[in-house]
Each structure stands twice: as structure tokens, then as C-alpha cells.
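Chain naming follows the written order as A, B and C, and within any one chain the residues start at number 1.
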Amino acid sequence: MRFLDVTDPWIRWDWVAAHLPSIWADLLEHVELTMIAVACGLLIAIPLGIAAYRLRPLRDPLLAASDVLYAIPSLALFAMLIPFTGLTIVTSEIGLIGYTLLILLRNVVVGLEGVPADVRDAARGMGYRPAVQLLRIELPLAIPAIVAGIRIATVTTIGLVTVTALIGEGGLGRLILDGLIRDFKSPLLVGTVLSILLALAADLGLAGAQRLLTPWSRR
Amino acid sequence: MSFLLQVAAWFSDPQHWTGVGGIPNRLLEHVEMSAGATAAGALVALPLGILLGHYGRGGNVAISLSNVGRAVPSFGVLVIALELVGIGAKPAFVALFLLAIPPMVTNSYVGIRGVDAEVKDAARGMGMRERKLLTAVEIPLALPLIMAGIRISAVNVVATATLAAEVAWGGLGRYIVDGLGQRDPVQVFAGALLVAMLAILTELGLAGVEGILLPGGLKQQRSRRRWVRPGLKAA
Amino acid sequence: MAIAALTFAACGGETSNPPATQAKGNITVAGFNFSESSILASIYGKALAAKGYNVSYKLNLGNREIVQPALFSGQIDLYPGYAATELEFINKNKGEAGSDAQANVDKLNGYLKPQGAEALTPSAANDENAFAVTQATASKDKLTKLSDLSPYASQMTLGGPPECPTRPYCQPGLEKTYGLKFKAFKSLDAGGPLTKNALSNGDIDIGLVFSSDGGIAAKNLTVLQDDKHLEAADNIVPVIRTKVANAEVTALLNKIDAALTQSDLVAMNKSADVDKQDPDALAQNWVKQHGFA
């Protein structure tokens, strides 16, 4: 094994102790960047997903377009936005919202399409109008798929936020970038490990929320 | 419009088609690195996922591996790998190899687990040994999910290999990182375009391979589920 | 689609909180992506904060290609610049920079003022581009100055930041002033760990480092003397938006520059890069010691 700076240990607890306030601030910023991205992605994905579900001609083009956009590397996407939106939180958020949107859109469509045909027929037979049927029957039944999408989107976004350090935002990514710039392992490790723990905590929390939201699916 | 013309001019400049920094070499580097990392990842991930699925054990391991794997920030792993193995191609390979593993483990586990118990009983009833059952029944039936796992990994790896330019490796990410450094949006855009096209080609190419490999009976099922695949991206 | 556009607009509104106006105003201090820049930016920021300004930071922002446009568009207000490099960047590599720091700043201001920005008084401390080889290479080929490289350059790989091939004081300058044509160029970082480690590992043969770098000796590197004076006076100078450069701010930053010495700079860089101390804490110390806070 070869370490760039052999005198630098993997973790220096004195550094960690001295930097708890700034690490905490980075963590909070990380959470904030993630929450804005997922919330906004969801606000856009639900109407778009309903449109794709209801208007068949829109479905395949929308999903295919999201597949194509998804293939653009995040660093490239952020870099391409800089000329238009500058070095602001907006640049980071447009990129992050874009990626969450793609994951969420797919799950909204899949969730709505997964509603069993006989359930829909029964609702229609009971005289539900389409809008009411959507709100009362189809969307609630799509919740598990939508929450699954939120989980994937949240965990993915937490990883992606670190990349925005390269364009001046970054949350915990700042620590990783500091580690790269100064050849300093402690911030690098703290940033990476906290980012993983944050993602796992968010995933567990959302799994709990899913159980609360869909009491009928509990065994 | 003039920006797109500049991009077109960038692509038609013969200087950008020769030498170490030329598109053919950068593309080759990117493809070699991505293919190598995905293949090495598959060598580890597929046997693991398939065996876990076959013996029905370690389901939690497979699922948590996928969760943790998705949560690992590639940028951090890349820099940690840099500390471990030095600059250049090696840290990029290590980070991409690790990135490639989780979706393949999870998908092959879920695929094998999902094979109908009655089908397996019928195969055993016909006198198939476990090994034959695995290779002749379970793997072919799980192939759509296994292939989807490979596809997700490969596309992730192609996209993430871009970040490796931050730790002094080549590949198509060079255009993006150098373009950012030189304030050359045309070069950045051209690089992004090349990576995106490569990722899409990877997706389409592997979907084509899947079409050839799939047993006939499964094809119809698959085409119905064309756009249904779990999203997964790390960078 | 209309709904999507609306929600997107709503999200856009959510992300841009206008900063609260303070009695003395807000100043955003930026720095480039290396520790020295973080230290200097923090020194400016802390001294300003002590005077009651509401200071926010954008550190490790990237290189000049990112930072200078951000200043002109008002996304940042102030950054620690380098007299010659700023000049040659904004004049698109005309080669106007010389060995007199004040003359470089005067010329620089001719370009900055129409953009609503200005450079203040340069410090005595400077940070010039320098080129280093390993001590082993230096003793093997008897290298002490850049012109000694001419028999070897065609076999050598040069390493530096991505912008090096387009900067007159980097690869093109070595070619023009010294006639050195290298075998290849490798994109690394601006005199950071990638470059220094690439030198130690033999991935590159010669690399761009900085004259104020405190970690060169620790890595067994030798800086080659710039015997044909390619590098111009790159003294540290605050670059600031004219709108925020009131008399108090200007006087304060000029006083900081006057107090900052080359040995302070090298020592702080060593503490940050080799001993891994915090740029922020180093800046705090310096500001306290010199009575700015």
C-alpha cells in the first residue's frame, strides 16, 4: 500500500474534535441540499407522472427522455449549467433536482400502472369520476412505489451532493475536497463516512415513513 | 446557436482526433477502464449474488450491500483510493470496480430468488441435479434481472469514470475537467456529449445483447416491462 | 406541463433567500482551490468581520477561470489575487506583466475598472509559478536552472494544472522563453498533492509548483531557477468589486497587505499543507498577532 502522505494518519481525532461545529454545519447543508432536491423533484414528478399515466402518447417519450438525461454525468451537467446560472446553489439544485426527477418520475408511473385492473374497474363501477378515482384510489395504492422512488432518489442525491463541492457548494463534499487539496485523510474520511451514514439513516427513516403511510400493507 | 456551431467546429478540428489528448485515445481509455472495471466487478458480484440466491441465504446481505453501495459517494471513494494506490489509472479502477458490484449482486440475487418454486420442484422431479438446476433453469430464468444489473452497473461506471479526471486519470472526463480549468465551455460541452453518448450506447448495446441471450419465452414478458427498471446512479 | 413549470418556479423561489441587509453590508470573500488562497481569503474575511461587516465565504472555488467572472457578475466581492497572473489572465495573455509588482497592478486596474472591480496595493509577499524536479533528477542531470533543461526537455513530461497549456507563464512561456518543448503534458492540480506526488512517483519529470509552497523541501524536490525571467512579479493583491471598496475596506486590506511578509506566507502554507492545520485557524492566528481582530 502506498499513501501519498505517509506521515498523515487515516484519522486524527483531535482534528475531528476541533472541527465538530464546521462538520455539523456541512452535514446540515448536505441535508438541506438533499431535501430541496427531493422535495422539488417530487413536486414536479407527481404531475408529470400522472400526465404520462393518463396521456398514453406522452409515456414512452417522457420515460425515454429521462433515460437519456440520466446518462449525462453529474459533473458534466453541473459544468454545463455554470454559464447560465453561475456559481450558486441554483446550479447545484437544478442538477440534483434533475436526477431525482428522473428516478421519481419512473416510480410514479410504475406505481400508478401497478394498480390492479379489477380495482380500477370496481372504482369505476362504484361511480368514481376519474379525478376522484386518481386521488382516492390510484395515488394511495401507488404510494409504496413512490416511496421506494423517494428512497432511491434520496440516497442517490446524498451521494451526488458531494460532487457539487467542485462547483462551490457541497455539504460534506467540502471535507472530501479539502482532503484532496491538502492530501489530508481526516476530512476525507469524515466526509465520506458521514455521507454514507446519512444516506443509510435517511433510507431507514423513509422505510419507517412508508410503513406509517400505508397501514394496509402491514402484515 | 453559435455555441452549437462552436461545438461542431470543435469536433471537426483534426487536432482533436489525434494523439494522447485526441478523441479516439480518450474514448479508448474510457471504454477500456469502464469495461475492465465492470467485468472485474461482474466476476465478483455475479457468482456471489447467484449463489446467495440459489441457497436462499444472505438476502439481507445482498439488499444491504445494495443500499450501502448506493450510499457511498464515488467522489470520496476515488480520493480514498488515490491515497491507497497513488495517482492515475489505479485509483479510478478501484473506485469503479467497487461501484460496479452492488447492483449486480442485488439483481442476480433477486433474479435467482424469484424463480418460481414450482418450476424448481418440477426440474428436480425430472431428476436434475443442483448444478444442472442452477445452470439450465435458474440462471436462464433470472437472466433478465441479471442483465439489468450488469446494464445498471455499466452505465453507472461509464458516467462515473468522468470523475476520475479529478485524480489525474485520462478518459473522456479529461475534456470536462480541463475545459472547466481552461474556461472553455465548448470543450466541457463536447466532453459531456461524448460521455452521454457512450453511456446511451452502453445501455442500448447491452439491451441488444440481452435480446440475443434471452430465452424466447421470456422476451415477450420483457418487452412489456421495457421501461421498468430500478434507477441507480452514484455520480 | 404548466403545473410542472409552476412548481419549478416555486422551487426556484425557495432556493434563493436574499441575504438580510446589515448595517455595514455583506461581503462575500472567495478563494482559489489551494490552501494559501483559503488562508489569505480567511485573513481578509476575519479582519473585515472584526470591523463589523457581514462576511460570507466561497473557498476552494476553483481557478481564475471560475473566480474572476464570478467577481464581475457580483456573485463574490473580494478574492486574494496575484498581480501578474491576474493581469495576464484578463488581457488574454498579452505578456504585459513585468518584474515590478506595482506596475503590474496599475496595468491590471486599466482592465478591471471598466468591469466594476479593482486591485488594491500589492503586498511584498509573492507566490510565483516555479518549476521543480526531484532532487534525484536534479543531481543526475546537473540541473539548477530552467535553461539547463534544453537537452532533456524532449524526453520529459511536464505536469501542472489543466490550464497550464493555455497560460503564458506555464507551458507556452517555457516554450517561448526557454525553447523547451516537452514530450507530453499531464493535467494535475495547481502545485498541490497530485503534482508533488506525481513528481515523487516519476509519473511526471517536471512540475509546476509555487514559490511560497512550504512543502517542497519535505518532498525532496528542487526548484529550478528562472534564469531568463519568464515569471513576472506575482505579488499578492486583493481584487475587489468597486461597489464594496469603500475607504474603510480599502484602507484595511492595504494595511493587511503591508503587514504580510513572504516568510509569514511560507510558514502558514507549510502549517496548512504539511502539518494539516486549518487555513481558518492559521488566518485567525495571523489576524490576532497583527492586531486586526
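What we mean here is this: a residue touches a chain if its C-beta (ideal position, glycine included) is under 8 Å from a C-beta of that chain, and two chains touch if they have at least 3 such contacts.
The structure displayed is predicted, hence computed values, not measured ones.
Taken chain by chain, the contacts link every pair, so each chain touches all the others. Of all chain pairs, the one linked by the largest number of contacting C-beta pairs is A-B.
Put simply, the chain farthest from chain C by mean CA position is B. With centres set at the average Cα position, the gap from chain A to chain B is 20 Å. A separation of 35 Å divides the Cα centre of chain A from that of chain C. Separating the CA-averaged centres of chain B and chain C is a span of 38 Å. Shared contact sites, meaning residues of chain A that touch two or more other chains, fall at 4, 82, 165-166, 180, 183.
Annotation for chain B: residues 86-87, 167, 177, 180 touch two or more other chains. In chain C, the residues that reach two or more other chains under the touch definition are 62, 66, 189, 197.
Those residues of chain B lying in contact with chain A across their complex are 67-68, 70-77, 79-80, 82-87, 155, 158-160, 162-163, 166-167, 173, 176-177, 179-180, 185, 188-189, 191-192, 195-196, 199-200, 203, 227-228, 230-235. Residues of chain C touching chain A in their complex: 1, 3-4, 7-8, 10-12, 14-16, 33-35, 58, 60-62, 66, 70, 73, 75-76, 189, 192-193, 197, 272-273, 276, 278, 280. Of all the residues in chain C, the ones that touch chain B in their complex are 62-63, 65-66, 69, 161-163, 165-166, 184, 186-189, 194, 197-198, 201, 203. Per the touch definition, chain B reaches chain C in the complex via residues 20, 86-88, 165, 167-168, 174, 177-178, 180-183. Taken together, the chain A residues at the contact with chain B in this complex read 1-4, 60, 63-64, 67-68, 70-77, 79-80, 82-83, 99, 102-103, 106-107, 109-110, 149, 152-153, 155-156, 158-160, 162-163, 165-166, 172-173, 176, 179-180, 183, 185, 188-189, 191-192, 195-196, 198-200, 203.
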